[in-house]
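Here subunit A shows up in two complexes: once beside subunit B, once beside subunit C.
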Partner chain A sequence: MEKDFEVKQEGSALTVTLGNKLYAVNSPALMEELVPYTDQGIEKVVFDATNLTLLSSSGVRVIMYCKQKLGASPEIVFVNCKEEVLEVLGLVGIRSIITFEKR
Partner chain B sequence: MELFNSIFLLWGFSIDVWITIATVMAVIGVMLFTKVRTDAVMLIAIGVLFAVGVLDAKEMCSGFSAGTVVVTGVLGVVMAGLRYTGVLQWMLKHVFGLPVRYSTALLRMMVPVSLLSAFLSNTMLTMLFGNVLKRWSRKLNIAPSKLYLPMMYAVQMGGVLTLIGTSTNIIVADYYENATGKTMNMFSILVPGALCLLVGILFIVAMRRWLPDRKTPEEAFETAFDYTVELRVPSDNPNICKTLGEAGLFHVKGGNLIDIHHFDHDPSVLSEDEFIMGGDRLLYTGQIDEILELKDTHNLVVSDHHVRSMNEINKNYELRIAFVNFYSKLIGKTIGDSSVERDNNMVLVAVARRGKRIEAAPREVELQAGDTLLFECPRKTNTYAKHLASMLQFTDSQEVVKIGPNAIVSSLIMTVMMILTALNVVSLLHGTVLAALAMLLFRCCTINQAMDSVSWRSLMSLAGSIVLGTAIAKTGIAQMVAQTVVELVGTQPVMVMLGVCLAAMLITQIVENVAVTAMFAPIMYQAAVQVGYEPAPFLLALMIAANASYATPIAASPNMLVYGPGGYRFTDYMRIGIPLTIIVTVTGVAAVILAYPLVKL
Partner chain C sequence: MELLMKQYFRHQIRNGEYEFFFARNGVEALEIMEATPDIEIVLLDINMPEMDGLTLLALLNEMHNSALRVIMVSAYGDMPNIRQAMNNGAFDFAIKPVDMDDLNMTIKKAIKQINYVHESQKEHSQLESLKQDLMTARNIQQYILPQVIPPFPEDSDKMDVYASMEAAKDIGGDFYDYFRIDDDHIAFVIGDVCGKGITAALFMAVSCTIIRSKGIQCGTAGACMTESNCLLAAYSVDCMFVTVFYAIYNTKTGLVTYCNAGHNPPHLLRKDGTVEELPITKNVLMGIYDQIEYEEGNLQLASGDMLVMFTDGVTEAMNPEQKEFGTRQLMTTLGGQTGKSCRQVIETVRRAIKDFVGDAEQSDDITMLAIKRK
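Right after this comes the complex of A and B.
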């Protein structure tokens, strides 16, 4: 499957631009791309969810990894998050650890 | 080398003798104190003997080309034909029956099992009847421990009825043929063997109260078999975002996590590192009351349908019981330390020892031989796969072969093979090869079933043992030991026969009988020659003595196979095994002398 996400580092912040879906098919690849940033002083991870309409538990696992394993509890930011994705984040109980922004 | 030779010759032995003695001692030591596979031990031993020049290339390969080794392998195919046409199931249905009295049950089980064992592999027969006996013991309401040991004794005693009944007989017959050029008939051992069998069965029936009455190992798992608990993770649970291991929800007291379902059923691997998410359904099995304590300690909630039958979980999975093998590499380790679960897509649910469930987290239990393990595994798990079977013995096989019309065909093939070889119409090798071909031709088993039925490991052990025996004979060790025996017990042939038999009988209780036979066959032969008698009866007596390995669970493969399923302790084998060993050996020697009067050379 073609890669439908992009990871960019700007100082201590990582920006992850997501595609239409973050699920079992592409989450492992994203996780693999994020692992090298572990313990590299990342303080903020920004997920650009402008196009994201489907978030599965595999995708949630990636978000949890960023929060728990990437560094010393970096800030997690979701940009332009749609209602259906918000619902999932609420269901799995991680809305409170995410900052939501509209751009 | 010359210097070494002269030093060692000063002590009376050549360097070759010393190397062979050291190798034999090392073989015994490794087999006694380590978990290294017998076939590997044998192959390394003969490799060493070849490398240092004790054996030449032809001698080293002699075991692998021996007709008797080929016969053993081909018999595996014949056995597959009988097994997959349902002959054994027919026996269970029509011969075992449902006797009311325990003594009758013993007789109805031991007689047919021992007769079958005369022609079929002891190990395979013990495995097959292990499953059959479990069901039969339930029907009779008798503890399996009251049946497994007698079945194992019957299998071992029956193996001595013919030359092909057990590997040890094959080794002795092969040695005799190589040493004299004469062939032993398949039924040479029948009369003494039958007498030993008769005495042995009568002894076991008479002393049946000595047979241990142990709790069925499976009883410890009855609750787990029936029930599991499903707990949900609420969206405000403080453990969200932690891994199962970090939250202490992976290893729990009194039970085990066997499955996790996230909100969307996306595939997830059950591991300590899996993240906990709100809405997760955690499936536990074990002590229901203790698992429910997780509600309070970890802020979990029970599902609406929280206690349910295992069958409801997933139709692709089932609970299976396994026992830790005697030489399993899992002994002394925990399942958590091994890759068994990962490699086989199985999940350990519970552990029991001596019929009692262990309360600690199953994956953290340090395993012992005979421990009973309850696994959740995919329905199609091949529990006979070599990598799995070498560590764990699954006895609750679902395989039930239907009795089909080919049962008559396979029985007929077997009968014709026996008659033709007994009457010397065809050689044993020809007979077994023809029978194996016929089994395949008449579709009594498939090619795969036939190939899987050949125990390549046993064949390697057998071939290695034969070569080891060759080294013992070639270097003159057999002659020296035989001379010592004669000096100790005198030249009276019966005493010599009894002396060597008793020595073999003692050692076979702690070392696998194949190795013991390989060592003692040349010694017995030389002892007979030194007192001036025809060696054949002496070797027949040795067959019985070396097979009388009843007193410990480690003496032979069948002994190990019933240890876990019977829920036995080490000493259970001794109580009835020690007197039985002595009785059978002494009867064997007496019967051989009666059946084959000793003839001077």
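Right after this comes the complex of A and C.
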């Protein structure tokens, strides 16, 4: 499968631009790409979810990985999060650890 | 030729790189080949007494040694035989009188190919071994799930229970369980570990075992989930987690006390045919944060009501157009099932999913568990 996400570091912030789906097929590849940032003093991870319509449990794991493994509990931000993705985040009980922004 | 070969390749022979066996005819060559199966390059003269090279080549092909490379030797102008040998699988050919430098290059080329074949065979065997491991993991998973149906025959006048799990091709982490806590209380569990593969299967086994053991010890749904989560967080590697719906059913009163840790809300099929989704609680999935108090919810089942628990493999089953089966379709399917047994309802939903997905490959486990108050 073609890579459908992009990871960019700007100082202590990491921006992850997501594709249409974050699920079992592409989540392991994104996790792997995030591993080198574990000791980089990341303070904020911004997920650009403008195009995201499907978030599965494997995708949720990626978010938890960022929260727990990158830096000392960095701030997690979701940009332009769609209702269906919000629902999943609410269902698994992790909405409270995420800041939501509209841009 | 024998002397010439020994002289030309003397360094390789001395270093143990090459070992040569010489045969005077095809029959002798075949005997050597059968006695020494690790011979991988054969230099074969087409014109030999007793058995010619082409016949021997055909017999060597029958040995099915995919690494074996045969270099044919023939006289100048013997193109028809050389062509036949090449068509029958010979690797290359040399013309008499043999140019030893050219032969040396051909042998090196053959060795390169042989090494490649060995490498591929090794990778293939590793893949087979991995497949076998996955198959074993899948079997272990199946055995972890309760096997006896109906599970509580002594309460068959009070309740009906049925469960099913259709495993996807890639091993996943769905599970269900039910066990008796005391005379009047039975616990029901459905869970889904994130991800796939051996890690998910192992975490599923750990989750299922911990929840069962804590469920019997703790008595209440909230305490069971709180304590199980604490242990699971200790076992979780790289943020592995599990979503769980845990319910304790009172067989006398029909009261269900439940705890939902990030799992798909079960659906309630009322006796009158209406279908409701259980409200989403504020509980978080299990295995991530260790100090969490899980909140309970209550649900009263009236006679004829059925609680249908499921994993996301049901609602996220996709058809070839990448459309999901979805919650709405599940609710519609359940709506027409009033008065049916748990088994009938689950099988109807399975059929509906099957019809919906058509030829699309199943990408996730499809697991359902239903209880009905009689």
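The definition used in the following text is that the second predicted complex is superposed on the first by the 103 of 103 C-alpha atoms of A that agree within 3 Å, B and C clash if a C-alpha of one lies under 4 Å from a C-alpha of the other, contacts with A are read in each partner's own complex, and residues count from 1 in each chain.
By our rule, a residue touches a chain if its C-beta (ideal position, glycine included) is under 8 Å from a C-beta of that chain, and two chains touch if they have at least 3 such contacts.
This structure is a prediction, so every number in the text was calculated from the model and none was measured.
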Report task. Applying the touch criterion given at the start, work out whether A:92 contacts subunit B, subunit C, both or neither, answering first, second, both or neither. Result -> both
Query raised in the report: Once the shared chain is lined up, is A:13 touching subunit B (first), subunit C (second), both, or neither of them?
Result: neither
Query raised in the report: So, does A:29 touch the first partner subunit B, the second partner subunit C, both, or neither?
Result: neither
Query raised in the report: Should A:68 be classified as contacting the first partner (subunit B), the second (subunit C), both, or neither?
Result: both
Report summary line: Contacts of subunit A common to subunit B and subunit C in the A-superposed view 24, 56-58, 60-61, 64-65, 68, 90-94
Query raised in the report: For subunit C, which residues are in contact with subunit A within the complex?
Result: 192, 194-196, 238-241, 243, 261-265, 280-285, 288, 312, 316, 363-364
Requested in this report: Flag every residue of subunit B that touches subunit A in the complex, lowest number first.
Outcome: 233-237, 240-243, 262-264, 266-268, 274-275, 277-279
Report summary line: Listed in rising order, the residues of subunit A that touch subunit C in the complex are 24, 27-28, 31, 56-58, 60-61, 64-65, 68-69, 90-94
Report summary line: Touching subunit B in the complex, subunit A uses residues 23-24, 56-58, 60-61, 64-65, 67-68, 88, 90-94, 97
